[in-house]
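What follows is a short report on a single structure.
In order of appearance the chains are A, B and C, and numbering begins at 1 in each one.
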C-alpha cells in the first residue's frame, strides 16, 4: 500500500507541470463542471465532438474521455472516430458509461467501446458497473437497474457489500484489461490484480449532478502522463477528499448543495498531496 | 385555502420519500441548474433526448418535463416520441413553452403539444402565457411579445394587472384541462376553477438564467406522485421562498447574481414545509 | 485617452437602460455563464441556434454573438443564416473564434465569417488572434499553436511582447475593418488606428472555463447601442476588474476557482462606472 501512496505526489506534480490537454466527448448537463474540474487540477480541457474535427483534436490531446450521458447519433459517430484514432495513437481513453443498463443504446455503445477500442480506465457508479458485468456475462447474484443515471439504492457501496462488489470490479478489470473505478460513498478501484477501497466519499456528492462525470474527467487528465492505476487512485482520493472538505464547509455554515458544488471545485484547486495522503482512508480489500 | 396549505407537507414528504425520476428534455443553457434543482428537493433527474432511447427513459421515469428553450429538429422528434409514450403510460407531462411567441417554430411545437398530448401542467412567464392565449384564440386586450426568452416589461405580473392576468391563466387552464402557472414577482396558478396568487417572488430571479426552467423541472418532480394543483402550488412556493432567502443572503453580504444562483439551490435543498407555510404569501384571487 | 474614458459611464448606462437582447450562437460548455454574464450587466440573452428560427431571432435581437467553441454542421448552417440576416439588417456581429488554429473546420468557418459578413468585433486569446493573422496572411515572426481552446504559454500577452502583439492586433483590425480584442492577463484592443492596453486581468481568469466566452458575450451587449471601440473597451475593463475583485475575494478567504467563478458574475452585476474608471489600468500603446 505504501508503495502506491508514495507515488501520489509525483502523479499530482506531473498534471500541474505538463497541463495535459484532456479531450472530453461528454454530455451537456455537466460539461461545464468537467471543464472547471480539469482546470482546477492544473490540466486543460477541450470539449469537441463534431466528427469533422475530432481526429485533429485527438492528435493534439494527451487523453480522451468518453462520457455517454447524453448520446445522439452524431455524437456516437464522433465517439467511434475519436476512439479509433486514439487507439491508433496510443492516447489513453477513459470511459464513463453513464446510465449503462437503462437503454439498449447505452448498452450497445458501452459494449462496443469496451470490446473494440483500447480503453485504459472505466469509471461508473456501482449500478453502471454491474450493468457492464452483465453485458460482459460475468456472473451476478442480483440483477438491479440503476435509477436513471444515478446509482440505485440497493447498489450503493457499503462496508457490508464491499467484498462482493470488489470481486465484480476486479473481474471486469481483468476481462477488459483496464482499470475499473466504481465510485460512491466508498470507491472501489481494481487493476485486475489488486482491489483497493477509498472511504472518503460522502452522500452529498450524489446530491449534485456531475460528481461522477468530474471524477472521470480528472482521471482523464491523470492518465495522460501517469501509470493508470496510480492515476486512478490519485483522482479518486482527490475528488473524494475535496468532497469531504466541501461538505464540512457547507455543514459548518448550514448551507446546501449549490454552495457545495462551488466548494468542491475550490478544493480540487487547493488540495495538495500532503493533505491527500494524510486524509486518505485507503486500504486493500485483497 | 387552508385545505390546500395543509397538503403541502405531505407533497414535500412524497418527493423526498419516493425520489421521483424526472425525465427532462430541455435546453443546454440551464440544464445543469435544472438537474441540481431536482436533486436539491430530493428527486432524481435524467436528461435524455435522443429518439433512439426516449421511450425506454419515459418507461422508467415518473414524470416528463418538456422545455422548448433550444429546439432542434432532432429534439423535436424526441419530444413527440416521448410525449406520445408518456400519454400512453399516464406519465405526467409538464410543458415549459420557453420563448413561445417569438418564432413560428416555438408556436407550432407549443400548440402541437397542448393539443395532441396529455399535458398536466404548463409553466411560463406571463409573456409566454399570453402567447399561448393567443395561439388558443382566447381573447386578449393587448398584444405584447416577450423579450426573447425573458418576460417583456409590460407583461410583468403586478398587483394592478393581477386580476386581468389571472383570468387569462384560468381560461388557458380551462381550455387545456391542465394546471397553468404564470411565474414572476407574483406567481399565478390556476386549475381552471380557482386562481391562486403567490407573492414571494422577487426581481432577482429574473437576473439569473434558469429560475423559470428550474421551477418547471421541480413541478415535474412534484407532479409524479402528487395532485397536480397541490404539486404546482408547492413547487411555486418552494422556488419563490428559496429566491427570497437567497436574495436576503446576497443583499446582507452585498454580493450579486453569481452567489444568488448558488444560494437559490442551497435553499431548495434546505427549506422544510414549516418554513414554506409560515413564509408563504398565498391567497385566492377568485 | 480621457476622451475614451469619459464615454464609459454612458456606455454602461445605455446597456442598463435599453437591456439589449443579445443573441448568442455558442458552445454548450460555457453557455450558462454567458447568459448569466449578459443578465448581470443588465442585458438579455437568447441562445437560439436552430436554422428554422434564427432569422426571426436575429430580427428581434439587438446584436449577434458567434462563438465557434463547439461546432456541428447544424450549428454552422445556423451561423451562416444568422450572419447573413444580421449583415442585411445591420445588426452588430461579434465573433469569438474559439480554438481557431487547431482544426481545419475552425479555420474555415473563421475565415469565412471574417471575409463574407459584416463582423464588428473579434475577441480571442492571443493564440487565436495569431491564428487569424496567419489565415489573413499577415506576416508573423513565430508560428505557435494554441493549447486546445486555451492560450499557449508562449502566446500569453506580457509587458515584453506587448508592442509586437499590439501590431498584430492592429493589422487584423485594419484588414478586417473591425475592432479586435486580444484578451489575457493584459488585454489589447485596436480599431485599426489606436492600440490600447488594459492591464487589469489576472491569471485566475484562465483557471476557469468561460472567462473569454463571457467577455465576448458582453461585448455583444455593449455593441448593440454603443460605438464599437468604446463598447469593446468598456467590456474589457468591466470583465477584467470584476476578475480582479473576484480574485481578491477568493485570496482573502483562501478559496479556489469554484468560488471565483460565482464572484466574477457577482462583480459584473455590482460594478459601476466610477469604480471601473478609478481601477482601470488602461493606456495607449501607440
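The definition used in the following text is that contacts are C-beta pairs under 8 Å (C-beta built on N, C-alpha and C of every residue); 3 or more make two chains touch, one makes a residue touch a chain.
Computed from a predicted structure; not experimentally measured.
Student: For the two copies subunit C and subunit A, is the contact made of the same residues on each side, with over half of the numbers shared, or of different residues?
Tutor: Here the answer is different, because the shared fraction of interface numbers falls below one half.
Student: Expressed in ° and rounded to a multiple of 5, what is the rotation angle of the C-alpha superposition of subunit A on subunit B?
Tutor: Result for this pair is 120 degrees.
Student: Can you check how far apart subunit A and subunit C are, centre to centre, with Cα atoms defining each centre and the answer in Å?
Tutor: Spacing between the chain centres: roughly 33 Å.
Student: For subunit A, what residues touch not just one other chain but two or more?
Tutor: If we look for residues of subunit A contacting two or more partner chains, we find 28, 32, 261-262.
Student: In the complex, go through subunit C and note every residue touching subunit A.
Tutor: Counting only subunit C, the residues touching subunit A are 27-30, 32-33, 69-73, 99, 102-106, 145, 147-150, 206-210, 254-259, 261-262.
Student: Enumerate the contact residues on subunit A facing subunit C in the complex.
Tutor: 19, 21, 23, 28, 31-32, 35-36, 39-40, 44-50, 52-53, 56-57, 60-61, 74, 261-270
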